[in-house]
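Structure first, then comments.
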Amino acid sequence: MPVITLREALNEALHLEMARDPRVIVLGEDVSGGAGGTSGQRDAAGGIFGVTKGLIHKFGDGRVIDTPISESCIIGAANGAALAGLRPVAELMFADFVGVAMDQIFNQAAKFRYMFGGKARTPLVIRMSFGAGMNCAAQHSQTIYPFMTAVPGLKVVVPSNPYDAKGLLLTAIRDDDPVVFFEHKALYSRKGEVPDGDYMIPFGEAALVREGEHATIVALGRMVPFAEKALDKLNAEGITCDLIDPRTTSPLDEETILESVSNTGRLIVVDESPPRCSVASDIAAIVAQKGFRDLKAPIEIVTAPHTPVPFARELERAYVPGPAQIEAAVRKVLADG
Amino acid sequence: MPVITLREALNEALHLEMARDPRVIVLGEDVSGGAGGTSGQRDAAGGIFGVTKGLIHKFGDGRVIDTPISESCIIGAANGAALAGLRPVAELMFADFVGVAMDQIFNQAAKFRYMFGGKARTPLVIRMSFGAGMNCAAQHSQTIYPFMTAVPGLKVVVPSNPYDAKGLLLTAIRDDDPVVFFEHKALYSRKGEVPDGDYMIPFGEAALVREGEHATIVALGRMVPFAEKALDKLNAEGITCDLIDPRTTSPLDEETILESVSNTGRLIVVDESPPRCSVASDIAAIVAQKGFRDLKAPIEIVTAPHTPVPFARELERAYVPGPAQIEAAVRKVLADG
Amino acid sequence: MQLNRDALLQAYRRMRTIREFEERLHIENRTGEIAGFTHLYAGQEAVAVGVCEHLTDKDWIASTHRGHGHCIAKGCDVGGMMKEIYGRADGLCKGKGGSMHIADLDKGMLGANAIVGGGPPIAVGAAIAAKLAGEGHVAVSFTGDGGSNQGTVLEALNMAAVLKVPKIFVFENNGYSEHTGAAYALAGQDLGRRVEGFGIPVFRADGFDFFSVYEAMRQALEIARNGGGPAAVYATCTRYFGHFEGDPQNYRAKGEVEKFREESDCLTGFRARVTEAGLIDAAALDAIDADVLAEIDTATVAAKSAAPPTAADVLTDVYISY
Amino acid sequence: MQLNRDALLQAYRRMRTIREFEERLHIENRTGEIAGFTHLYAGQEAVAVGVCEHLTDKDWIASTHRGHGHCIAKGCDVGGMMKEIYGRADGLCKGKGGSMHIADLDKGMLGANAIVGGGPPIAVGAAIAAKLAGEGHVAVSFTGDGGSNQGTVLEALNMAAVLKVPKIFVFENNGYSEHTGAAYALAGQDLGRRVEGFGIPVFRADGFDFFSVYEAMRQALEIARNGGGPAAVYATCTRYFGHFEGDPQNYRAKGEVEKFREESDCLTGFRARVTEAGLIDAAALDAIDADVLAEIDTATVAAKSAAPPTAADVLTDVYISY
């Protein structure tokens, strides 16, 4: 199987689906780039992270739409296009920009179907890069998916590797509900085996990344490879864990998590978000309700601290949960009973 | 002691603090009302819910500022005014409108101090009405405080009665950090004893509304009187509970909650929000980490369903968690071990 | 004016339907049976109808919190609307949306919207779809004087112009946003000039006069349907009732509304114009009035006695699949 | 032109400082020592300095992602800035903010801002405070051609005008927002006309010419400082480097930047103007150049060797009390 980056995997999915379905359009700032420039060269950007590269040359500027800096209107337009029968893929560039587009996401897209009594169909994907690790500081490094997971009507995808990213994006574009698709900017260059053709990964089905017996680790996005690193070290000492990557936080595959906890009796949830009202706390709460009798030890939560994301390398490294903290958390739940 | 409504209690706090501190300003849509009208009458609104009534006549339109419908700029202006030395109290009317103002709340106000290396002071209060119960439908009925609780740098206040509302608002205005102040619209007419003068209620100190032995109920906002109703019924059968109103979700008084759970061994968290990444899940997760050994039964969570807020009376009644669900949850944790 | 007799009768009927719908709601509101917020459109009928008489079900509109008039003008079922406002199970949105969220996608009606400024970006998207389909359809958004200060609306003006999509921005300046006058909140006062600043041509209309709005919309459409990109219709008008039901309107001078009702009413004006020109006789209009009155009465009675939704309905219609 | 020799020398020094700061960063960026995004202001110096030379520490400015020039023009410490960009513990923001969040409230600098359109609403608030204080101070926001399409900026125009606050909107049209030309993204093209649509007077300036900007700002301030409400300065200019460091600028015609550098450079123009007019001799300017070069070198060397923050610092400065 070809080995490609997560960025390339996403790009493949977009190429495939735009070729297959003429209703798919892509819009956002600099999704091609170069419009109105003096060189005349389009695709000057192909998306700031290169995910939409090459689309404009294949599908033209009717379907690959560069927009002004107007995020409310980008998402609003995607909403309207979806209601009118298209299947838009809107790019928000940085997830942190939801602040200037939130209404169209959480009050409009998420609620049309319900408010309209089941009549609306909003087949919309909103892609956004997220996460710390590139020293982009407080306004360009947040996780944001907890906000979206909280919103009824939205589906939320957080892939951790190229294979999942491609399959999940194809599923997202073909899904008839609004999907918010989170791409960790520090994973864009992560490589992995990715089949050439078309395949889908269903929402609400977690991946069991590693199997083990001593504890269950649930981790998302960039925390998945970090958990693998921690496990590499622990394995050497004979400590093994189930490592579960939910892949979608809404819908969430509660079953796989609860089943694993029923085997291991111990849970560590790893989330790059600050702790309060996070996906970590959400999953912990679900297990505290539904898997309580299986638990042998307190649940451990590994998150960023309750602070904004700092700029300096030394600070950001201290901010982002890493393999060491995951390892410590596993040791703690094992020591704890 | 005078018995007044929560609306009047808030109004008193604003009158007191504006008289005391000339740096306090109030701004928002129709906080006075009547500007540019043909009758010439100001204070035509006094806030859509009447909370800012009478301020314009006492403090003038330099300090009581009616704004256009421009929520990003309302909060942005409040931010700038706070940085420049004033103590603004901005009104967002409905909490659901955060969608068009979120950036200025979560990326700007919340982060100035951190991003600027501790130099900024943003003594800002953002007041917003929230909650279901008035048939205002999906875009005018949400709780929103989970979003804000998740954001490092913000403080979050959710009063449940007139006495707390006044004392907490005075504390909020005098606080040097940005505070988001949530007012349940179905509680504006709730009455209670409120002293005339000046008093403050510290942030991060929960109120123990009822004392009991069989379980701990943590409830917020309108869920507090609902929990009291449930307890009235349960008490008749000899079942008693601690009822804890955290009053502020950030900072959160973990201690009081954990101490109560250490006595009762059972926890029910009641939150009007949908379940995912809610304050209910947040508190449950904290107890599952830090109070696990005290728990005798699974944690119960009573929330709205994972749906938008519906319009029709019958639907909204089914949506909002009420005394019956709280009662059932208490019975469940008692039966459960 | 290129309207034949049938078209004139239809326009009149639609305006009258909106008026009766709103007048009746105003009365019914006092009974306490209607829950939530209701913002009535009475007084502004000439705008909604003058605009929508140009449109088919394949054209899109995005409305506001004050949406009943736009809905009726776009052909939404009046009975279904009334039931929705009463929160009934067979309301147009199954009682889940209410007055502020009436939508009917089959009619090209993208929804009322309880967020001021929510609609225009959505209509830009529908216009993108219309442009891609290339069948000459357009998307229209309605925005009030107050809404014109919302950033989302201003973004939509720019983006529609940049993308050259077939989008008409209709601005209805009724003088007030809630309890605040446009004389205060609308900087520059001339909203038309603001829109022109985005390079969008503006056609000004007297919002009390159906024919004036109809003509302005015709000119705007000529641009939009022919690849010229967006255009705008700017109509000045007034609302007869308070911002929402229950508003005492103490920000308005005494007699202000009465004077408008007497001197500038769009129905009275329309009637005078077509009868004086000998196009339609008064009896035909009277017959419509009677008809509409009966229709609204039937709709109201039916809505009152219709079944409410059941608790289980809360959980449906969140996702198509989950 | 009412500038004396000292004022001219100071303006020149500030422009030169910005230029050297940015040119040096451009070189240093290649070493990989500088983390995160850096957006350089080189080429636009005449705008920041032409505006800020009118201001004192009691006037406020709100900047953008491309903020170094505004900071230096407003008097922020260059050494502290350089350390901040290097993420050092004694940087202007303790290494917590970085290039996109440099702020110095004591200098009236309300912060760079990594959210396009974040600044103008904040400056409206500072202008509210200035108006209430009544001491004649103003607040200024900087916005690019791209930022002019962000709803928040347009809201700020309206609100500032409605509240008649002493606020100056400075628009810097450098022709590009990221990789997209203003020729595409700025509907109506004439941003000045857009601003005038909000009833705000606009003073147009040649952004390559310090004196032109200085004069436009003077006129704008005359309005704002005298109770006339907001005004705007609209300057056209260019940026010499890519949108961010690393941008190959393949959307620009070959030689575009070089031509600007040769024909329109603000420093060259300033030098020619003041020497030809006999106001200042070249040697005095050369001395400044040498001085600034040394200052920037010192700042860079100091920043490189300064201590980074420690892990524990992550947790501080979130709240004043919690």
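Going by the order they are written in, the chains are A, B, C and D; count residues from 1 in each one.
Going forward, a residue touches a chain if its C-beta (ideal position, glycine included) is under 8 Å from a C-beta of that chain, and two chains touch if they have at least 3 such contacts.
All of these numbers come straight from a predicted model, not from anything done at the bench.
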Number of steps on the shortest touching-chain route linking chain B and chain D: 1
Chain at maximum distance from chain A, centres defined as averaged CA atoms: C
Inter-chain centre distance, chain A versus chain C - centres from mean C-alpha coordinates, in Å: 40
Mean-CA-position distance for chain D and chain A (Å): 35
Centroid spacing, where centroids are CA-atom means, of chain C and chain D in whole angstrom: 45
Junction residues of chain D - those touching two or more other chains: 93, 95-97, 101, 113, 115, 149-152, 155, 158-159, 162, 184-187, 318
Residues within chain B bordering two or more other chains: 67-68, 70, 72-73, 96-97, 99-100, 103-104, 107, 114-115, 137-139, 152-153, 305-308, 310-311
Topology of the chain contact graph, where touching chains are joined (line, ring, star, complete, other): complete
Chain B to chain C touching residues, read off their complex: 29-30, 33-41, 44-45, 48, 66-73, 96-97, 99-100, 134-140, 305-308, 310-315, 317-319
Touching residues (chain side chain B, partner chain A) in the complex: 72, 96-100, 102-107, 110-111, 114-115, 137-139, 146-147, 149-153, 250, 252, 273-274, 276-282, 284-290, 292-293, 295, 297-301, 305-308, 310-311
Partner chain D, residues of chain B touching it in the complex: 25, 27, 62-63, 65, 67-68, 70, 72-86, 88, 103-104, 107-108, 112-121, 152-153, 155, 175-177, 204, 251
In the complex, chain D residues that touch chain B: 60, 62, 84, 91-97, 101, 103-106, 110-111, 113, 115, 118, 120-132, 139, 151-152, 155-156, 158-159, 162-163, 316-322
Chain C partner contacts - residues on chain D that touch it in the complex: 149-155, 157-162, 184-189, 193-200
